[in-house]
Amino acid sequence: MTVRVGVIGAGIMGADHANTVHRKLSGADLVAVTDVDASRAQAVADASGAAVATDGFALIEVPSVDAIIIASHDSTHAELTLAAIAAGKPVLCEKPLAPTVSDSAAVVAAERAAVGSGLPLVSVGFMRRFDPGYVRMKAALAAGRVGPAVVVHGISRGVSAGPGATSESSITGSAIHEFDCVPWLLDSPVTEVSWHAGRQSGAVEPVLRDPQVLLLRTADGVLTTVEVFLNARYGYDVRCEIVGEQGTLALTEPTTVVVDSSRSHGYDYAADWRPRFAEAYRVQLQEWVDSIAAGVASPLASARDGLIATVVAQAMITSMHDAGRWVQVEPPAPPPVR
Amino acid sequence: MTVRVGVIGAGIMGADHANTVHRKLSGADLVAVTDVDASRAQAVADASGAAVATDGFALIEVPSVDAIIIASHDSTHAELTLAAIAAGKPVLCEKPLAPTVSDSAAVVAAERAAVGSGLPLVSVGFMRRFDPGYVRMKAALAAGRVGPAVVVHGISRGVSAGPGATSESSITGSAIHEFDCVPWLLDSPVTEVSWHAGRQSGAVEPVLRDPQVLLLRTADGVLTTVEVFLNARYGYDVRCEIVGEQGTLALTEPTTVVVDSSRSHGYDYAADWRPRFAEAYRVQLQEWVDSIAAGVASPLASARDGLIATVVAQAMITSMHDAGRWVQVEPPAPPPVR
Amino acid sequence: MTVRVGVIGAGIMGADHANTVHRKLSGADLVAVTDVDASRAQAVADASGAAVATDGFALIEVPSVDAIIIASHDSTHAELTLAAIAAGKPVLCEKPLAPTVSDSAAVVAAERAAVGSGLPLVSVGFMRRFDPGYVRMKAALAAGRVGPAVVVHGISRGVSAGPGATSESSITGSAIHEFDCVPWLLDSPVTEVSWHAGRQSGAVEPVLRDPQVLLLRTADGVLTTVEVFLNARYGYDVRCEIVGEQGTLALTEPTTVVVDSSRSHGYDYAADWRPRFAEAYRVQLQEWVDSIAAGVASPLASARDGLIATVVAQAMITSMHDAGRWVQVEPPAPPPVR
Amino acid sequence: MTVRVGVIGAGIMGADHANTVHRKLSGADLVAVTDVDASRAQAVADASGAAVATDGFALIEVPSVDAIIIASHDSTHAELTLAAIAAGKPVLCEKPLAPTVSDSAAVVAAERAAVGSGLPLVSVGFMRRFDPGYVRMKAALAAGRVGPAVVVHGISRGVSAGPGATSESSITGSAIHEFDCVPWLLDSPVTEVSWHAGRQSGAVEPVLRDPQVLLLRTADGVLTTVEVFLNARYGYDVRCEIVGEQGTLALTEPTTVVVDSSRSHGYDYAADWRPRFAEAYRVQLQEWVDSIAAGVASPLASARDGLIATVVAQAMITSMHDAGRWVQVEPPAPPPVR
């Protein structure tokens, strides 16, 4: 069976997903694409033979579309995901599921109402769960290679923040990866958070505190530090170290070539996330397509995972506005027993 | 268009190719498989829904097979490739195209006779040409990042040699990757070679000199050193450094996780080539399938490339048997002008 | 001129200093040693030809002793330093100058009373100021290589805590290096601190919270995170990264040999601080001796630097006992103008 | 006892030695210096309080000079060493002991005639024997950490060749380090050698073949490859890897700080050998001085070691002029039994 995929959003992320579906997946065809900028959608269509839909809602209703990827603006994620649920079609929504807790919760509730104890329809694009490095770290931790975790250190640096970035959007749009990733690595939910600011980078407007330093406590007692620095300039650089009772596990930069030149030895950083997580995105999409074809539950992050990450983000923003005090995370209701 | 692929040989290499075709390629289906050990073929068929053919020649003739991958014993490569040419079907033959120069030349001649100035049918599986590290090194060299090359150092180490390995099969079966890779990196053919032996590893029978140290001279004057050590024990480890007039380029081990434990800091080696070159094999097969679907020339190594590597291997064996003296490489006739 | 040095304390640290003075310094002789354990003092004396003094106070009074190193128990530092001041002899006191603020302040006051605007007598052994890595980081930061600092990350891990270690002694005995080092690197004093605990390592008694995660704010606004983990088991591992507006600077583990073995690639950690900081200790002592011989001010950390580090430690302990809230650091009175 | 040292030659190497003796050694004083350029000698004298001697022979005769370091032009090494022997004073001669075998042999013979079975007077400055990395590699090999050696790879690269460099002087002046170091590491003498050239770097005059690739065979059967590239441009870079039956040992670049900046991650190379081998030179001189003070045999390379390295260099040059054929190394007569 070939899964026929439609992609909503043809910006950097959506075009990348569309290309992956078209060129790199087994058992998937790209059949439709749409974007608020029709020329961007047309460019993707021209490269792949997919049709152009007038908008996301129309794309969802196209009969030949079996499954939907949502990569449009964050503010549209919830309503489009709800429409896909209403259409009864599997949907992979880019993170965040929604920028607000209430919208995320609405998606969780709608999916539950729609499928009951049946197969969930919604997956959320927390692709780090499929990155070879994170996967190996989680496996090594679970296997006891370094003993139980005691501390985690995460770093997320980018070259420059997108237009309109604020202190809050840095949390809901970037740090949210850590809010999903850390509890997934530790298999323990975040219970409280505390927000702190580094010295403000001189190149950044005050509306965005950058860098930020975040503390997370998980139910197992582990303390996680996270540095998020959107304007780190030197390159796109994501790091993670898990410190256990007997040793540590850390990601390495997945480079392939090292250069000696002009009195220095080193390797290059990518300018954005695509080269760094290309394999994670490919594997995530392949696993998603395979689960649809096989009629089994998606192994990706669920709608509830997306909601939980947003709840953590909200607590972090509360701490930000309250002098960095520790803020408790209120967990959403547990999923129904199947 | 979906390319329907048949795989001849279901050993480690063939099963790996079959799985890649079945699970990881866009636009390809695995439709048939065969092996001298019927149970191995059946295992692959069971995992993929492919049919089992009685032997390689039968598989080639199956009407639903559009293209063939040959991963059976080296000694069968030439006759099966000739059969695929006779059937007019694209074929990807694992290296070496044939262990002998005469058999390799026969394939080149047969292909030329069959297709004339049309699309070649034969590709050879020198997958390093698609490894991200080698690709980036070649691009950086061509871009002048370290100036013109002056010396190259290659290292090919494995954990243990397969049964029946000899000094000569180490050349034709392992070092042959270097004989294709180095001239491809430098864009300059090998013109002379010289063979030398390291101290014989105590764990190895005398019929296999291991490690060996090989010198290659290319037409551009660059000198390449190659260490081939099949019984290096500690891990599968392939390295390459290109030294230029202004700097160097070197592969890094493509690791993703580093561990601190028990007074040491480090990363793990794979036990064989599959993890190291998984991406190279996947990309190579995708590019091959894409070229077939598009009706364009394969970007993989050609039959003539396979012949040339075998010619270099033959010269190296001559040096081995003649006290390491420099032996000239006689280039095969140039390809016809198209 | 040869500086004749006496060493008080012949434990691991003192014996190491004694050996450095005897074997590795230009312009210095080891002439006297003492320890509460006479056999340890005798062992050092036997190896060097130095005399054994009955106790620290007696050693200070030995006429042939020009300068004193104090490496005895932390609780003795202040009174011995005061005795050296009274004797008018240069003294290098191991960190901490004293475990309490009041004792440290008493040393600062006594020195000021003794020497007025003359040459200070007291140096404190914050040897990281002479470690080649820290020195290069400070120089590169000051040279603007990565722009102004925004965040610093420090890590101090040891194999196992000494007997009797408590949460507080981890601060005053280990983390205190960071309290001196970070403001020295940034050239900006610590203004506030906040204390947090990682998950308690199962191997550690509750009287010692281990690991701890500390936050420091310096006057320049930079936020520093410090992980102190006395029972990290895997090795002695000190790290530091300075994140600037345009890039980062980080220490590398000063290893010299890398090993491939048993499916892994890596290097060894030392079991304690001596190999890691051997060069820092040697250079610190040489610079101290050179300054004495030349009759110029010591370039080592001063008594006031030692007091300031203790003040920061005290504030951190206050935060520890007050749920991690940010605690202001009250700076000691400025030094007199000379 | 303080050893009073005179230094002949105040160029880069001699000035560095003089500074080490004056500033970094325990138990040594710099008392005299000389150079063909009187102003260079005076500069060293001004910095240290040493006297200036009119020439090397005069310096050797100065009564207050206990021991001599020869760091003048290679062509003067032999005659000055002979003068030191005649004066009965310990002498450390920079490598090479002499550029020719006959001159080196003359020194060996003169020393033997002078001291008989007494303490040797001559040491040769093969400082790699005291480099922490080489020392650890040799110890790890001897301890069996990677099994018996089978192959060694050495690389010696510099930024640019000195004026007047020729293919032959590259062997006698630079590669000679490898001719001493490899047999010292393996504890097995070089028995045959073979010379090869890389592609000629476009920046180099033809009188100097650069880079060169050298093969060494030691008596234990181990094959060593050495790349010597005097004009590598990018930095001073010395590497060594010992491949054993069970694993490998390799030097790491002794860096202390790593920088992220401008899309790259890396560390700096030194422009010449001084930072790379500063510790080796310091330890070598300290060990030499200690042996003189203690009246025991020098642990440095001996005159005979210097002769042997020159014999290997001579064989390599013979191979260079004979198309790279393997040339046997004729060992000098064994030392007398003591």
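Letters A, B, C and D mark the chains in the order given here, with residues in each chain numbered from 1 onward.
Heads up, the rule we're going with is that a contact is a pair of C-beta atoms (placed from the backbone, for glycine too) under 8 Å apart; a residue touches a chain by one contact, two chains touch by 3 or more.
Please read all numbers here as calculations on a predicted model, not as lab measurements.
Among the remaining chains, D is positioned farthest from chain A, on the basis of C-alpha centroids. If each chain is reduced to the centroid of its CA atoms, chain B and chain D end up 43 Å from each other.
The distance from the centre of chain B to the centre of chain C, with each centre set as the mean of the Cα atoms, comes to 57 Å. Touching two or more other chains at once are residues 146, 234, 246-248, 260-262, 267 of chain B. Chain contact topology: the protein chains form a complete graph, every chain touching every other one. Touching chain D in their complex are the following residues of chain C: 22-26, 28, 131-133, 136-137, 140, 145-146, 246-252, 254-262, 267, 279, 286, 290.
Residues of chain A touching chain C in their complex: 146-151, 153, 194, 196-203, 211, 213, 215, 220-223, 225, 227, 229, 231-234, 243, 245-248, 324, 326.
Note for the complex: chain A touches chain D at residues 234-235, 237, 253, 260-269, 271.
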